[in-house]
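In what follows, a single structure is set out as structure tokens and then discussed.
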């Protein structure tokens, strides 16, 4: 349980573009902390402004203490305020570009204040909707510049890039694990890594374990977000509700590389009670972790060394069904 | 221009699940009418409750008169109020199922009051998110029963089903043109047809012209919604902003079958001024219509009779580029 | 084991458009029978011409007897001979259209000779590659006419339509379960049903259990083909090698409706030994069947009646991991 | 016409996994040269072994001279001989890995002999089909090592990586433009770049112009392959037969960056005469190039600087339809 955390909003209310008033009722900040704690989870992750800001800092300090929760990461709000509508780090407006850096660094300050080691950046609005809308060359430069500036100005903090192929823009600039690793390499900074969101990775037609290995092999897997989907869109469902084997594969590779970071749920339980939906994700992940622990490394490595799909699937069935 | 209409909300404000407060500013009902009229369009389509209700009926009557707009269709709200969160016609709650019928019939009443001939039903919430969540057999029955009941109780009105493979549910029950035609056939009623939304059809990996022909051949294409996307999701972009040839193909087949219904824009111009975005769609459609008019039917039918892809693409280039 | 069968070619050699000479070595007909039997399977399915023809009839009779195999279905070759390149039942060439019917009826004769009850038709080449290539209205008519003619001329035989959204054509006319049910309904014949290929259904963004229920509810699920894929293409992998929960859902609904037909593997084990790959599919399906048998129907129906995703996923985890 | 070339096999015969004997008739090498030349194209590209080998070298020299064709690139065969079935540079068999390098370097020798400046590597079999089949960490290392070795041992030659998300493997290791740029950067060699195949890029949900800019901005766009598809699969259709605006966008950016490389057709005209299908692609590309030339750079850059989708789509319509 010690490695699992919950993005606070996961136990709150969700809305979508049709149900603009939200499914179910809204929840107060304190209530959300209580809900996370009641699951037995010991760590929490925030969205900037939505959950943590100058105004709520003291409340967050009090509530984390009261509920015995560690602060795992802050996701700066670069997507939910109208100012970011046409991009944050790649906005056509130079002032907005600067604001994106300032907002990130401000979150780094708040992170220090709550003893939180990581800023997980999700460039939701940095992208484009139409062909011939964006200057790809400029945007490429701006994105690297802005992110690098944040990392340089807060060298004590870790920063992490959460890629996603699309939504809310029809095309995101930071679209997959390799685009993220390119930016990280070109930035030249050491405190920059990748946040892999399982659902984003599925949506990018990545095998999520391959993506995680790509990042871990380069020492750059800083954080993980968990949810499930039907492969074509970021459905943000209960982790484990659809896929089984791909999760076990991921957990086995995490074990193999000795991943020690946190693993946060990142869901949109539109029609479920968020607390129950998050609890299910945690339980699935614990089951996957046990399954991965049951895999004999030597045997698995031998299968991989031969690329033997038949033996591999037989072994998975043995792990799952004992036969 | 006479056949084009606009869903009123297209010139209003959009929000999404991250930008819950909306992109840009909201617009009043009157302002939206003014914006539609200013484009030169002569007809308008409504979403129930959002635009037309008992409360706004008189205002709508006044504004349509003032701006010289015909009322083309009402889309009952089966998706934007919390009561529909787990389905309308297929809700697990029997009372909600009945409410879905009542709401539809109430919209039929309002339609009569504004001289509007069509109720276009979009079963946005009728579906499921998870495997083993819905009883597919019951839902199949309920959906046909509810829709049939509406058609029988308002025999003077035309009803039309707008299918969509997913969103807001991860799987919609009414997922494609053939599912719609099955329901229509099984309903036994005559006043039920299909609304083809081009973007929904693309998302379903349909060639939209093939879908339209399927419906027209059976006398069941009652209405059309226009927008564009990148093929994987209902991006609801400016119609024509991405695809060219598939639109020309659609307009040629509409001409060939003598489609006389209205064609409404159905967009979500999150970051654009809705009025300008709708205006662009209309202009693209007019260009496609002219291109389709330039296609010699005899020549095209001869190409189709041979399935000759080479001649066909050469002809399209001739139409587009004159060479 | 009694309900499982194997398409004979699954234990043979595969090629693709790049490896035109095939992966691994080819297998003789007799060798393939031996390989199927050695797995312990008691039934077999054929592709016309590839495995059964006037020339091989006696050999097939001898080998089925020798190995104690029942003949489950024949898939007429409407896709692998150059004559079908531009379509079979919907070919622009009237002679080819007639040949498609004749070939099907000839396979019905051979089926009688080997005591095989089902002709499973896969319209692989009936479709189109380009926009404005096919006359959708004519093709719609021709497809129904041709299939109906087959059913009428061999009323003692069952016929079954295996839909698929694409490949080898970029768009297949018979694209999903609802298109199939429309054709069946419009044919007016009773001996026509659906073959659901799990991978084709996944590729069509169907939940395969929903598709199976749609067919079973109408008494039209005649046959099943099993394989797995990554959801975007008909990868024809070992059934169960990727998906777990969706398979269990399918087997539960098959149990619930009392499906009594055969279930054939339908794979392309390009780089695996086909015998081993098929054996794995059978073992996975047996595991899924046991898992489905472990689901308490009353409890599951109660969950479905509430559309309760949280309880449902918890129950699935209990079934899979006992917790 | 000077910049366009044709992969020789495009005017030959195609087969697929069902039509293993091929659509239409096969063509001799000489006949294929004649067919390319007859279109008016002045350059040609080869697949190793299929078109160029020790055995055919003299014939190729004679035919290129006879038909006045330049040799643009050789694609070594790493995908069509059984030895590569489980990978070339990433094969589990060390001997095959070495053979992949040797084969590539042998093609470099032949390239020198025919005055061809580029080896375009397509790692078709370097990937995996199943989860838990490949050792991603090893494969990552092997791929970079093998490619780097080729570049170092033939420093006078240019090498170029053609990425593709899938097929013939269900997952390719070299899946998108950013994965390619990572490998190039990590290789440390200067003579390594990217071949962008438009259809592969579409299939990877890239905007192909964005991918081309990513490579050009880093001086790494060495080659281009042209074809079209429906976005979900590498359909290898006539370039321009489906998409219009995305092609114009690509050609505008090529102009903007001053791309001077060749542009080869890369199609699989299964059911069309290859010569005619290639000719259509060339004509479409010429039309797109003219359209791109008609775009006023200052005006377009101003639109991009504002991210103005409305002005952009209006401009595209002006370019296409003059209004």
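So that you can tell them apart, the chains are marked A, B, C and D in the order they are listed, and the count of residues begins at 1 in each.
FYI, a residue touches a chain if its C-beta (ideal position, glycine included) is under 8 Å from a C-beta of that chain, and two chains touch if they have at least 3 such contacts.
In this text, all values refer to a predicted model and were calculated from it rather than measured experimentally.
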| item | value |
| --- | --- |
| Between A-D and A-B, the pair joined by more C-beta contacts | A-D |
| Chain whose mean Cα position lies farthest from chain A | C |
| Chain centre separation (chain A, chain C; CA means) in Å | 39 |
| Length of the line joining the C-alpha centres of chain A and chain D, rounded to whole Å | 34 |
| Multi-chain contact residues (two or more partners), chain A | 86, 129-131, 166, 171, 205, 230, 232, 238, 241-242, 245-246, 271, 309, 313, 316 |
| Contact graph of the chains (line, ring, star, complete, other) | complete |
| Complex contacts: residues of chain A adjacent to chain B | 14-24, 79-82, 85-86, 124, 129-131, 166-168, 170-171, 229-230, 232-233, 235, 237-238, 241-242, 268, 270-271 |
| Residues on chain D engaged by chain B in the complex (per definition of touch) | 205, 230-232, 238, 240-246, 271-273, 276-277, 280, 283-284, 287, 290-291, 309-310, 313-314, 316-317, 320-321, 323 |
| Residue ranges of chain A touching chain D (in the complex, touch as defined) | 86-87, 92, 128-138, 140, 165-166, 171, 175-176, 178-179, 181-182, 185, 204-207, 209-210, 213-214, 217, 245-246, 249, 252-253, 300-301, 303-309, 312-313, 315-316 |
